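For reference, the structures are reproduced in the following blocks.
Here come two complexes built around chain A, the first alongside chain B, the second alongside chain C.
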Partner chain A sequence: MARVARRIVHGLLLLAGVSVFAFALLSAAPGNFFDELRLNPQVSPETVAALKIQYGMDRPLPVRYLRWVASVARGQFGYSLSYHCTVGSLLWLRARNTLLLTGFATLLAWMVALPWGVLEALHRGGWVDRMGGAVTAVLLAIPDVLLGLLLLLFAARTGWFPTGGMASVDAASAAFLGRLQDAALHLFLPVVALALGTIPILVRHVRSAMVGVLDSPFVEAARGHGIPKWRLIYRHALPAATNSLISQLGFSIGALLSMSLLMEVVLSWPGLGPLVLEAILARDVYVVIAAVMLSSVFLVIGNLVADLLLYWSDPRIRAVSP
Partner chain B sequence: MAAEAKGAGEAAQPLLAVRGLTLRYTRRRVFGAERTAITAFHDISLEILTGKTLALVGPSGSGKSSLARCLVLLEQPSSGEILYRGKNLLALSRKELKPARREIHLIFQDSASALNPGLTIEEILAEPLVIHKSGGTLAERRTLIREVMKQAELPEKWLGRRPLELSGGQRQRVAIARSLTLGPKLLVLDEALSALDLSTQGQIANLLLDLQAQHSLAYLFITHDLAVASLLAQEVAMMSAGRIARRGSPAKVFTANLQAGRGLLPSDSPSGETVPAPLISQGK
Partner chain C sequence: MNKRRRTIFVVTLLAALHLFVIFPGFFAPYDYSAQERELPFAPPSPLHFVDAAGDFHSRPFVYSWKERPDSRGAYEEDRTQMFKVRLFAMGSPYVVVGPWTSRLHLFGVAAPGRIFLFGTDDFGRDEFSRMLYGGRISLFAGLLGAAVALFAGSALGVVSGYYGKWVDAVVMRLVELFLALPWLYLLFAVRAVLPLRIKTTDAFLLLVGVVGLVGWARPARLLRGIVLSAKERNFVLAARAMGASDLHILRRHVLPQTYGTMLTIAALLVPQFILAEVTLSFLGLGVGEPMPSWGNLLAELQKYSVLTSYWWMYLPAIALVVLFLAYQWTSAKLQEKVAVVNT
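Let's look at the complex of A and B:
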């Protein structure tokens, strides 16, 4: 329990650091939301000045930061200059959609990568390994955007999947099963696109972790006893390879989230991606900062979960930890 | 009279006989189709008798460990026969191999990596029983595990511990106990004492001698420690450059080698490769 509390405190300190950096870097960046307004002849300089005062943008950076921290404590995460509402209310719905997407993509990526990597390791140097290696190399070489566009083209040509959004126009009036099917069809392309981008990296991690374990004498001892292959994998090799894979799980959650921002824009998924892109273009600072913070929160949580899983799965870590 | 004749026949037949065993690896060069064949050992023949110890000595890279791995079928030899109780193991199906796998075990040098770090000692000892579906009911298995712990002079309270909580000598005892669960007849000890300090080496050597006396175990004792080889083995085979260079009683082999002006052991391969240079041949 003390270990969990300590890790949470470390995570909070890290997030505080990220927030300071995000604030400082965005302030140092040239241009702001009001520069665009100044170019509009219909808006007078007095109005712009009044708006800056209204939103507190005329205050020094430390004051703005402290006010932002106070608004985080209230769950508002600042105020969106473009949408004229609190960032919190804007973000939660989009974050939920992004989480839905990355959650399914993470699940799919691991479900494919785990058996694939194990299979390659078991047939090291053989044609299965070489074919698998070639496929992962090709997938790694294709840029994520191109992968998204290819899937979009596939959907448009075949008409099997919707090419954007989260639900059809008439989905609300459908029965529960119909709505579920509609959501699954809309989720399919973005999930596959995200998973395809992550799978090759995961496959290579699984393969190398398994190869290392399969060479260890305790696995050879079990092989010498004539252990069936399936038992060798699930009883000895996979649990021993788990440590590095669990650490990878933490990173894969963070990496998938960053990747999803781009893929959501390409595949018109109403998640954080399009919102952040618009916010960056419009210099809507608090939305950008909140998105950066949310990304960091996911990364911290992913690593915290990975740490706890490691603690649970490896008796050696339990033995040295208080 | 008939029983006597049968007994004499069994005593004459070696428990394990190796005939003309050769192991050759092929290595493909990077960016090229050309293959290089590397011979780990060539035309090895030897016999191990029930209840006896054969020491296999030789410098690093002479092919001792590769031979050990072949005998427990972790490697497939290129040619030759491994006759166990008169049956060629290399010609048997996976199912037919089961009895031999129960009776031949390999004990590794590094006990820390030879035991699964995630399992408790009890789970490690139960694993061979689970694999071979033997040992009877759960309660009978527990009794058997406690019995082998006793034989390996390990306290019962360590059953819940994990390998890394034990010392090197204690782990090596666990590795030996793991083999004992299946009622072995032949233990291949691949430098099993080398990683231990002198006092622990003595203790494990005594344990091995006691177990041999109790269970009529045969040992193939692979080592480069000639003192230990002389102490434990009735016969010594000296390997050099992938071949058996000399065979006989420890005194005879070591004396012959000294007289040949080679010291007690032949020197390491001059190329410094793991596998000796003279046996490397181009092409297949």
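Let's look at the complex of A and C:
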């Protein structure tokens, strides 16, 4: 458990570093929310000055940072200047949607990539491998933007799926099952877009991990003992490959969150993406900082989970660091 | 032989793509901002060889578009007058490099006629010309961004690998911080600092800076690893024993061992950074109108009617896919080569 504690401390330090970095960076910004407000002829300079004092924006940077930390401790994450409410209240709903999206996408991506990668590794050099490799190469070369747009086009052309949002207008009045179906329909395209974006990288990792294991002497020995092919793969080879795959799960979270941000904007999913974009355009500093922080929190938690999984799955790690 | 031929093909393709976008003025028939307000969203002009009378012409020609009388926004070819496509035609002036301007275009048609190889956008601007000019922005943002990231990253990586101790510790913590953050959030955070409305040249330079700033961590980590093993090589130790200065050892013995890796990283970074530019401009945070970039050309597709009705507006994305495939392939080949050399 010392290992877990150390990891948590590491994560907290990372978060502290990110917060200082983000805060310093965004406070150094040449324009701020009040500059934009000052351009508005209906707002008098006195009002702007009063607002500045009310929100504590006239204080020196360290004071603002400490006040912000106190606000984070209360779960408020500062105050959104353009939405006129605490950032926390804005963020939780959006964060839930983003998590929903990325969670399902990860699940789908692994469900596709795992058998695909294993299949490629088994038929190394054969036509299955070459075809699979070509498909992943093309998928990898397609920009995420295009992927999202093509799915949007698909939705628009067929009319099978809604082209944005999270629920239909009349969904609230429907029965539970109807609401569930509606949500699933809205979730489908963003999830597919995100999964398609992550699958090629995952497939490559699964393939190389499996190739490494299939070449090792113990698999050769097991094969020599006449263990059936599928039992060999699922009982012997795959567990040995999980180690690097779990690490990959941890690493891929950052990329997944980035891609999710973009896909949410393209496919109008009400997650963190559209919120952050609007916040940047409105110079709503605290929302941007909070989103960056939140993404780092997801990342730290994700890596922690991956680490725990590793600890659970690999006896060697348990032996080294009890 | 087959493999060799494929290598030649990919390298030629990459060189051609770069050449196209380095000299967009010459390859594009029109300026990126030249408008033809009468012809919004005109489809690509078909090249004809056989005229209305059924006669064959060895020189291809185009007809001009005119709006169909029965429906607005739909076009048909005006078959009364044909315009022959001429190579090395004189057209609107453009800047080649610095003060050097020219009027010579690779191809064009005589005055009232118009040739739209890839159709037009909502202002009737030639999509082909805009793609070439846009490629200049996107590709240069990628190349310069990669140069900045590689320079900063390798300087920090080499120093931290070579000197170790606290420098190494500090740099590696920073690397972890930058690698841990989701890159788009980081890009957003850095972009949020910069003023919203800026001149296009400034926007471009800022983009390069932002992208480079965000991307230095990966090359730094990779090069640190190389330097760590490189500085323990026998000839490096021998040079040190003979009293060579740190600078000399770095320049003559350590750095040359990293060149192969640097090249491989560059081939990996360029497409990533092009993608970063495309993403930012797509979201309206990068290069803005009227200057095209592949990102803001694609942003047009966010409009529903464009998305569903005008297929030629997808062409910048196709160019991106081709470019990425070529880069991917090149970096894979380089990786194989470097792996062979290092063993």
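We take it that the second predicted complex is superposed on the first by the 321 of 322 C-alpha atoms of A that agree within 3 Å, B and C clash if a C-alpha of one lies under 4 Å from a C-alpha of the other, contacts with A are read in each partner's own complex, and residues count from 1 in each chain.
By definition in this document, a residue touches a chain if its C-beta (ideal position, glycine included) is under 8 Å from a C-beta of that chain, and two chains touch if they have at least 3 such contacts.
The structure presented is a predicted model; accordingly, all values stated were derived computationally and were not measured.
> Would you check which partner chain A:G224 touches, where first means chain B only, second means chain C only, and both and neither mean what they say?
Only chain B is touched by A:G224; chain C is not.
> Contact-wise, after the overlay, does A:V288 reach chain B, chain C, both or neither (first, second, both, neither)?
It touches chain C, and chain B stays clear.
> Output check: A:P315 vs chain B and chain C. Expected answer is one of first, second, both, neither. What do you get?
Once the two structures are laid over each other on A, A:P315 reaches chain B alone.
> Output check: A:L257 vs chain B and chain C. Expected answer is one of first, second, both, neither. What do you get?
The answer is second: A:L257 touches chain C but not chain B.
> Looking at A:H236, would you say it contacts chain B, chain C, both, or neither? Reply first, second, both or neither.
The answer is first: A:H236 touches chain B but not chain C.
> Quick check on my understanding: which residues of chain A belong to both its chain B contact set and its chain C contact set?
Residues common to the chain A contacts of chain C and of chain B do not exist here, since the sets are disjoint.
> Given the complex with chain B, which residues does chain A contribute to the contact?
Per the touch definition, chain A meets chain B at residues 216-218, 220-228, 231, 235-236, 239-240, 314-316, 319.
> Where on chain C does chain A make contact in their complex?
Per the stated touch rule, the residues are 173, 176-177, 179-186, 188-196, 275, 278-279, 282-285, 295, 298, 301-302, 304, 307-308, 314, 317, 320-321, 324-325, 328-329.
> Which residues of chain A touch chain C once you look at their complex with the stated criterion?
On the chain A side, the touching residues are 14, 17-18, 21-22, 25-26, 28-31, 137-138, 140-146, 149, 152-153, 156-157, 163, 253-255, 257-259, 261-262, 265-266, 276-277, 279-281, 283, 285, 288-289, 291-292, 295-296, 299-300.
> Quick check: in the complex, which residue numbers of chain B touch chain A?
For this pair, the touching residues of chain B are 69, 72-74, 94, 97-98, 101, 105-106, 108, 110, 113-118, 127-128, 131-132, 162, 164-165, 175, 178, 182.
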